[in-house]
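Chain naming follows the written order as A, B and C, and within any one chain the residues start at number 1.
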Amino acid sequence: MGDLQILIDAPIFSVQLLLDGLLIGAIFALVAYGLALEWGVTNIINIAQGDLVILGGYVALTVYHLGVHPLFGVPIAAAVLFCVGWLIYRTVLFRVIDRDLFTSILATFGISILLQQLIDKVYGADVQTAEANLGTLFLFDNQITLSNIKLVAFVVVLACGGLLLWFLKRSRTGQAIRATAQNARAARIMGIDTEHVYSMTVAINAAICGAAGALVVMVWVIQPFIGLAYTIRSFMIVVVAGIGNLGGVLAAGMGLGVAEQFAGFLLGAEFQIGFVFALLVVILVVRNLRLARKREYLH
Amino acid sequence: MVIGIGVAVTLLVPLVPLFQPYMIQFAMLWVLILMALTWDILGGQMGYNSFGNVIFVGVGMYTTAVVQREMFFGAEYASVAGQSSLSLVDYLTGLGIGMGSGAILSVALAAFLGSGILALRGHYFAICTLGLGVAAGELASGWDYIGAGSGLVTPLPPDGVGESSTFFYYVFFVLVVITFMLLRWLYSCRFGLAINAIRDDEDKAEAMGLHTTRYKVVAWCVAAFFLALTGGAFGNLMVFIDPTETAFAGATFGVWMVLMAVLGGKGRLWGPVIGATVFHVLQETFWTYLFGWQRVALGLLIVAVVVFFPLGIVGWVRERFAHRFGEAVDPAARTEQVTLGDGT
Amino acid sequence: MTVILRVENVRKTFGGVVANNDVSLDVQAGSITGLIGPNGSGKTTLFNSIVGFHPIDGGEIWFGEKKLSHRLTPEIARMGLLRTFQQTRIFGNMNCVRNMQIATPHANDSFRTMFSRFPKAVTEKAEHLLEFVGLYSKRNLLAGDLSFGQQKLLEFAMALMNEPKMLLLDEPTAGINPTLINGLIDRLRRAREEFGITLFVIEHNMRVIMNLAEQIFCLAYGELLAEGPPEQIQNNQRVIDAYLGAG
């Protein structure tokens, strides 16, 4: 806890952590919104969510290695992952969608292991990053550094979120998705092709992950085996914010980002991932205890 | 009779020279069976699918190793680690006390965690335990007292023990037999019925006045007890304890125990045993022929089993050959109309 | 006659919706009491409040000398106040006899009984009660394989197995084959006479409830509309209006 003294002596440093946390947290929020979408519509909790993010990161990395600016990796990764998501639904998920939740959790767990091992085979286990070369902002007499790519990533996250919202509200497919989320059987009776809706939802979620992964590779690092942490982060955010609450998801995501930055700084970076997972346990138990007072439990 | 022959054969396996080089694989089979059996208490019989049971393996493993270290070596451990400097009696005493304290600590941990976490339902429980397992591994990787990320070395077994893999083969075999018999008994008494009722409809079980929390916590404690013993011995068999690869190995043992139970047949006594055996054979085959790709194959196997074979081996066999198991019900009973006299 | 269940000014809201408002009623020990009302009038909510399925927002509930208002469902069940569900709930992957066995009273459970086998007497009683509701020939079937009506009978038998002092039945005849209804009415009466269980019954079938109950309460829009013996309720203009949608 010696690092706490640094924060007290140099309060400006906590502003640095705060800003980093908020900007990273926005990406978590985007991934979480995808998870919530898939959860709400198909009733599947996708354990492979984080691995899709990482896969998106590697797609963007490939683009970067081809000599293209990594920002173009965002739409490319989204497009590639859209196809991957569609494929995952058509090969595996459509078979488990009507079964109990544990089945789909275990199936997506299997997909998660499959993805991370394949990535490991293709790209190796090294930690990698893509340099965006957009320069760095220096604030408060150079006491705070902020690479521009983080700000750009934040804007891209907001743009993706806005696009998604517009799509769900306005387009025919989006409306069909929302109808199915509310009542799949009724939607089917009204002539909505729910199979199409499900595959689109899973694909859109994967595309969101892809875009988020492309951002992660620029602002942070990627590695084949860190996907699960993203899944857990998004799950936590959704549990706190609730399904289908975009503002809440954004707030919870940024809150988590900040909490993680501070925890990583105070406890040491080696405990940052442990902190995320421990926080999940605490949040679930506390939320359940609060609900238990109303004699309900998490649904 | 059949069981007697089985036990005799199992006891004789280490004496066959042909099997000598593979004793560690045979010992490993018992470990996997123990893990699958204990996972099934919650996952199969009670409907609480845990991805975090590895924490009890890890706690047992570390406790045993730390007890051994503190009892015989103390501060200068680092310099003598990996050398056989214990007498047979000392080694066995240390191992016994270590495993015992590991089991006690694990049961206490299960009781403490269980009262909070077992209140979570369904997928929340599954994901919460997943987080628990990873968090424990990360904590162990950063804790210097137990060697942090560089791991911990257990004392080497002295010469009197004989081949260590053979010694642990017998240790694990005894554990398997005890666990199996205990579970068979537990599933046949009120406890088994109660946890089955919790699996089928927990709200109804509560509405009937069942002490659901008590049953759930006890079930987890039973699993924790045997997993800790397994972990304690397993750490000594491996000699080296890595925090996330052997102790809190969520990515391997944590997933395997689920897969083995599902593969063999969830909620059936023999299911996990058969599942673990089949899995072990499959896995060793992957290791030989798919060098480098075995983890990929594991992912595929999970998806395939879950999607195409949810009943598991035992479940499938029992459904297919129901009459052999005396489970087929007289079709007349199924179709017979219920009548109630008017009592007049 | 003594009052076994006393509901005093109970209020329950879900968000802004008032499901029960200021409901007060007494159930006499040893009686068969009916609870009727149009759909959505708050009958099941009242049952849920009584057995502690959710906390109430106001008022008090007394079971004999004991106050129920803040107790939890399992505890209330062990005190001898049991309910059955409208959407029947049984343990689907266990056979009928096992369903019955696990329904034995749990008031005296200890860590020792947790690991004991069921005495022969329990199994015999289970089979006897299955016979009582006409399910004996199906005793080895999985409960989940029974038809809805048969599950309803099984749930009733499980409730009897639990030896409650009082039983809340949520629409016991819904989904039951009409030819069995007279038999079921007989079983309900015998549950009171032979086992001494006070019955509190939600029922939509007027023929059944008028035939069965000695005292009837009628709820409408979450409030108590009328109470009295069947003849009186049948002729109560406000009850008739509530059912026909007037007023």
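Worth a mention:
Everything that follows uses one rule, which is that a contact is a pair of C-beta atoms (placed from the backbone, for glycine too) under 8 Å apart; a residue touches a chain by one contact, two chains touch by 3 or more.
Just so we're clear, the structure is a prediction, and the values are computed from it rather than from any experiment.
Central chain (C-alpha centroid nearest the global protein C-alpha centroid): B. For the interfaces A-C and B-C, the C-beta contact count is higher for B-C.
Chain centre most remote from that of chain B: C (centre = mean of CA atoms).
With centres taken as mean Cα positions, chain B sits 33 Å from chain A. In this assembly, the C-alpha centroid of chain A lies 47 Å from the C-alpha centroid of chain C.
Chain C has its Cα centroid 42 Å from the Cα centroid of chain B. Residue positions of chain C touching 2 or more other chains: 53, 72-73. On the chain C side of its complex with chain B, the touching residues are 51, 53, 72-75, 77-78, 82-83, 85, 89-94, 98, 101-103, 105-107, 109, 113-118, 133-135, 137-138, 140-141, 145, 149-150, 153, 158, 162, 177, 180, 182-184, 186-187, 189-190. By the touch rule above, chain B contacts chain A in their complex via residues 49, 51, 116-117, 119-124, 126-128, 130-132, 134-135, 137-139, 141-142, 149, 251, 255, 258, 262, 292-293, 295-296, 298-303, 306-308, 310. Put simply, chain B touches chain C in their complex at residues 186, 188-191, 193-194, 196-197, 199-201, 203-212, 214-215, 218, 267, 329, 332-334, 336, 338-344. Put simply, chain C touches chain A in their complex at residues 52-55, 72-73. Against chain C, the residues of chain A that register as touching in their complex are 293-296.
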